[in-house]
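In the two complexes that follow, chain A is the common piece, with chain B as its partner first and chain C second.
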Partner chain A sequence: MPDQEMTKRIAEYIREKFLDGDPQGELQDTSPLLEWGVLNSLRVAQLIGFLREEFGVVVPPREIHADNLRDVRSITAMVARLA
Partner chain B sequence: MSLHRLAIDSAAREPGRPAVAGPTGDLCYAELDYAANALAHRLRAMGVAAGDRVVLWADKSPDFVVAMQAVLRLGAAYVPADGAVPVARVAAMARDCTAAAVLTSADRLAVLRDALGSLLPSADLAQEPDPEAAPVDAEVAPDDLAYILYTSGSTGAPKGVCISHGNARAFVDWAVKELGPGPQDRFANHAPFTFDLSVLDLYAAFAVGASVHLIPSELAYAPAQLAELIHQWRITVWYSVPSALTLLMRDGALLDRPAPEALRAVLFAGEPFPLPQVRALARWTGARLLNLYGPTETNVCLRHEVGPADVENDRPLPIGTPVSGDHAWAETPDGRPAAVGEVGELLVEGPTVMLGYWGVQPHQGPYRTGDLVRRLPDGSFEYLGRRDYMVKVRGHRVEPTEVETVLALHDDVAEAAVVVAGSGMDARLVAYVVPARGREVGVLGLRRHAAQRLPRYMLADEIHFLSQLPHNRNGKTDRAALTEAARAEAVVSHPTEQPHASER
Partner chain C sequence: MDFDLTDEQRCRYDRVSAEVTQQLGGPGMLSELPFTRTQWKSAAQIGLTGLCMPAEYGGGGLGALDTALCLEAFGRACPNTGLVFAVAAHLLACAVPIRDFADGDVRGELLSGLASGELIAANAMTEDEAGSDLSRLGVTAEQEPGGYVLHGDKSFASNAPAADVFVTYATTAPAAGFLGITAFAVPRTAPGVATGEPFEKMGLGGCPAGRVLFRHCRVPETHRLGREGQGTAVFQHSMAWERGCLFAVYLGLMERQLQQCVERARTRRQFGRAIGEFQAVSHRIAGMKQRLESARLLLYRACWLLDGGRDHNEAVALSKIAVSEAAVANSLDAIQVFGGDGYLRSAGIEQHLRDSVPGGIFSGATDIQREVVARGLGL
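Here is the complex of A and B:
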């Protein structure tokens, strides 16, 4: 799957699940998700579950750190690397 | 005796044993000792002296533990701040407690120096230790300040809870007596260093030369990984909020594998633990299960050990009887001690009760917890809830007014109200926001605004917009009517997730 498509699906999931659909269209690939509380500890677990179901990617514990979850771009990069 | 003496004595007895371990690095007791002495010398050179405060701002790591030790060894007090806390709040804390220095990680140094905008010294807390550094071991009095933990404050600003060496030692010494750990023990550290649960993990381990295994904050709620770590690290003592245990059982498949033989005590505190969960845990492991109680202001002052009666009866798990040399009683609304079966506010007096809040008069007399309890026939207490608006979200206490104050600072916000929806694991901080007349507010913009001013656990899980807040007859926000008002306006664009069905 091209990264662009992956980025789109991850961003869509975050918009729908965590941003009430983001009616103002504020979410960008570089919006800091952890820092602004869009992703909290529980939602990280949900997101990891989504990545497994959607892309068949199992994220090992050592990959679950702030650098890989910072924004849509870094999440996509991690998934692409692990796929 | 001082809090820092615990690790110093263990380093003398067991220099080669692991002290701190985990994905962020390992230190044996000798390394911890060297590094703490070396950093103490550097801090002294920066002008830090006995009686000062030093703010530590970083992610959980062995370096952070070294920094705590170094500050204590100088007779100064540390003020921990999580790496995820916004720089503006760190600077505000440093100003509030008139810190002598701030230590942080290299990547945060520039932004910190900008925010401090003063001559306050700051430095990178990770530097190669000098093995030649002479020991530093300040003599302290029991009432000398050891650390300050900032908690959510009802006035809209955080409050600094001041804990002395005597306070901390009273409760750590109790924990050591209660658990009887030895150098072979392996403590898990789940809680952030800014949370008082971590004090037990760190110092009960240091007291006996055991190791403490740091769980990075990103993993704290990753259930499958956590379950794996408990096995892999052969954890003997686990201590966390019940939310984390519930998550481990529900989503981490903790109970699908046999309990690890090494595990011998599971401690929990910070919020009620639903009985069905407690029973599931008790069926799974032969480890001791201890329900601990104590706000940050009192440390652990009550404890209840789960026994056969809890497995058979349908009473909520009691919060137990006093420990750590404390006295606790319930006071009825008319000001007398509650009789058996009566409800009152829990009051605590004794060696673990804080010195006071930073910047206000020292605390005198019993501490009023604000918690409502029922006195039980066996001398223990049953927790019933809060007297005020303070709420708990995943074990963290949050004063909704503090979050409301911050949201209302946004230019496009007229008014905000914050409540908790759901309970236990499903508790969520929900903000209702009224945009200023003629303005539109974006969720993400508002999140950015809040994130620059509040720690992560105080950021709303959900933000909903309303045209006005419901008010009661006194003109105050009617919190109970908020959900209904939101529904009536149909501004909730999709239904909130249904809470999970009863676990029973």
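Here is the complex of A and C:
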């Protein structure tokens, strides 16, 4: 799957699940998800489940760190690397 | 779908059960005193302190489901649930994160010691003001050349008074919330480590628990588990194993308890017949069996998902809720079946209840597990 499509799907998931649909359209690919408080420990677990269901990518515990979860772009890069 | 254990699993379960019965299953094990090093060594000789550790370090190399089966056999054959819990906590909350996140020589040295029973480990995460909320840890770790300086107090650390190594978590970047936590394996011999007096607890007396104090404690960088800021992931990974596998201890307890209740219902006579002939008694015991078997299926499934690297959060949460609630409910029913004798400490029946109550609190309280399930449902 092209990275662009992957980015779109990950952003859609975050908008729908964690931002009440993001009515103001604030989420960008480089929006700082951790600084904004969009991701917490429970949501990371949900997101990891989504990545496995949607892209068939199992994210090992060692990959769950700030560099890989900083924004939608970082998450996409991690998924592309692990796919 | 196949619900049968394999021959290998059945043999292993029977071997653990027989060896524990022989070495740690006597009436003296009903004691609620903290475990002894001799008892710990016995558990290690049976292979229980290293079940899921790599074989190259002396462990059993087992996955989550096979580990759970062995812990179930241990819990069934050993009446000292505190000791069984202590070994399981050592293995799942401490050895697992060291196995999966430590690097280099430290990993090998610690795993060899933990598997052989030479080293006892304690998980020091909880603090007075941080139980369920991992993002607000008061213990800090400041980086210095070659390592970190840890400072602050941990509490409710199972095994702490007896432990040789502490798996602990500290804030390294306060502004980063749950991703500002870092995990460490701290030897008791590190300067600045101390433990408090053992807590007086309601149950699980065989497992001593207490505070761990870090006073400007220097820890080499080699003893960090995972990357800086990865502590929450380390902890959640270890808790998935603990919530999944450790609760098999309670399946074993419930199995033993059920046998005791059936025996009691067959032999205790009132109004000229065995009390098991009264439907009020026999149906109570049937209900105990139903709760045990339901909880067992959920636990086996959770461990099976864990082994397959599949989404296990909801399954593990459901399993923990089911097992911990079944253990309390069945323990109350067991007291009722035994009547006055069940209320006496000498019979060892009321101890099941006191040992079961903490199951709804440790490893993520039941309320948090329901929250995990609710979030998974999109609520």
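One rule holds in what follows: the second predicted complex is superposed on the first by the 83 of 83 C-alpha atoms of A that agree within 3 Å, B and C clash if a C-alpha of one lies under 4 Å from a C-alpha of the other, contacts with A are read in each partner's own complex, and residues count from 1 in each chain.
In this section, contacts are C-beta pairs under 8 Å (C-beta built on N, C-alpha and C of every residue); 3 or more make two chains touch, one makes a residue touch a chain.
Remember, it's a predicted structure, so these values are computed and weren't measured experimentally.
A.B. asks: Is A:L27 in contact with chain B, with chain C, with both, or with neither (first, second, both, neither)?
C.D. replies: In the superposition, A:L27 contacts chain B only.
A.B. asks: Once the shared chain is lined up, is A:V38 touching chain B (first), chain C (second), both, or neither of them?
C.D. replies: first
A.B. asks: Which holds for A:P61: it touches chain B only (first), chain C only (second), both, or neither?
C.D. replies: Both partners, chain B and chain C.
A.B. asks: So, does A:L69 touch the first partner chain B, the second partner chain C, both, or neither?
C.D. replies: both
A.B. asks: Would you sort A:L19 into first (chain B), second (chain C), both or neither based on which partner it touches?
C.D. replies: first
A.B. asks: After superposing on the shared chain, does chain C or chain B touch more chain A residues?
C.D. replies: Greater contact footprint in residues on chain A: B.
A.B. asks: After lining up the shared chain so the two structures overlap, which partner does A:R52 touch, if you call chain B first and chain C second: first, second, both or neither?
C.D. replies: Touch status of A:R52: second partner only.
A.B. asks: Shared contact residues on chain A, chain B side and chain C side combined as an intersection?
C.D. replies: Chain A residues touching both partners: 34, 37, 40-42, 44-45, 48, 61-62, 64-66, 69.
A.B. asks: Inside the complex, what are the residues of chain B that reach chain A?
C.D. replies: Touching chain A: residues 23, 59, 84, 86, 216-223, 225, 228-229, 247, 251, 394, 440, 442-445, 447-448, 450-451, 456-457, 459-464, 492-494 of chain B.
A.B. asks: Where on chain A is chain C touching in the complex?
C.D. replies: Residue list for chain A touching chain C: 17, 34, 37, 40-42, 44-46, 48-49, 52-53, 58, 61-62, 64-66, 69.
A.B. asks: What does chain C use to touch chain A in their complex?
C.D. replies: Residues of chain C touching chain A: 100-101, 134-135, 176-179, 226-227, 229-230, 232-234, 236-237, 309-311, 313, 371-372, 375-376, 378.
A.B. asks: Give the list of chain A residues in touch with chain B in this complex.
C.D. replies: Residues 19-24, 26-27, 31-32, 34-38, 40-42, 44-45, 48, 60-62, 64-66, 69 of chain A touch chain B in their complex.
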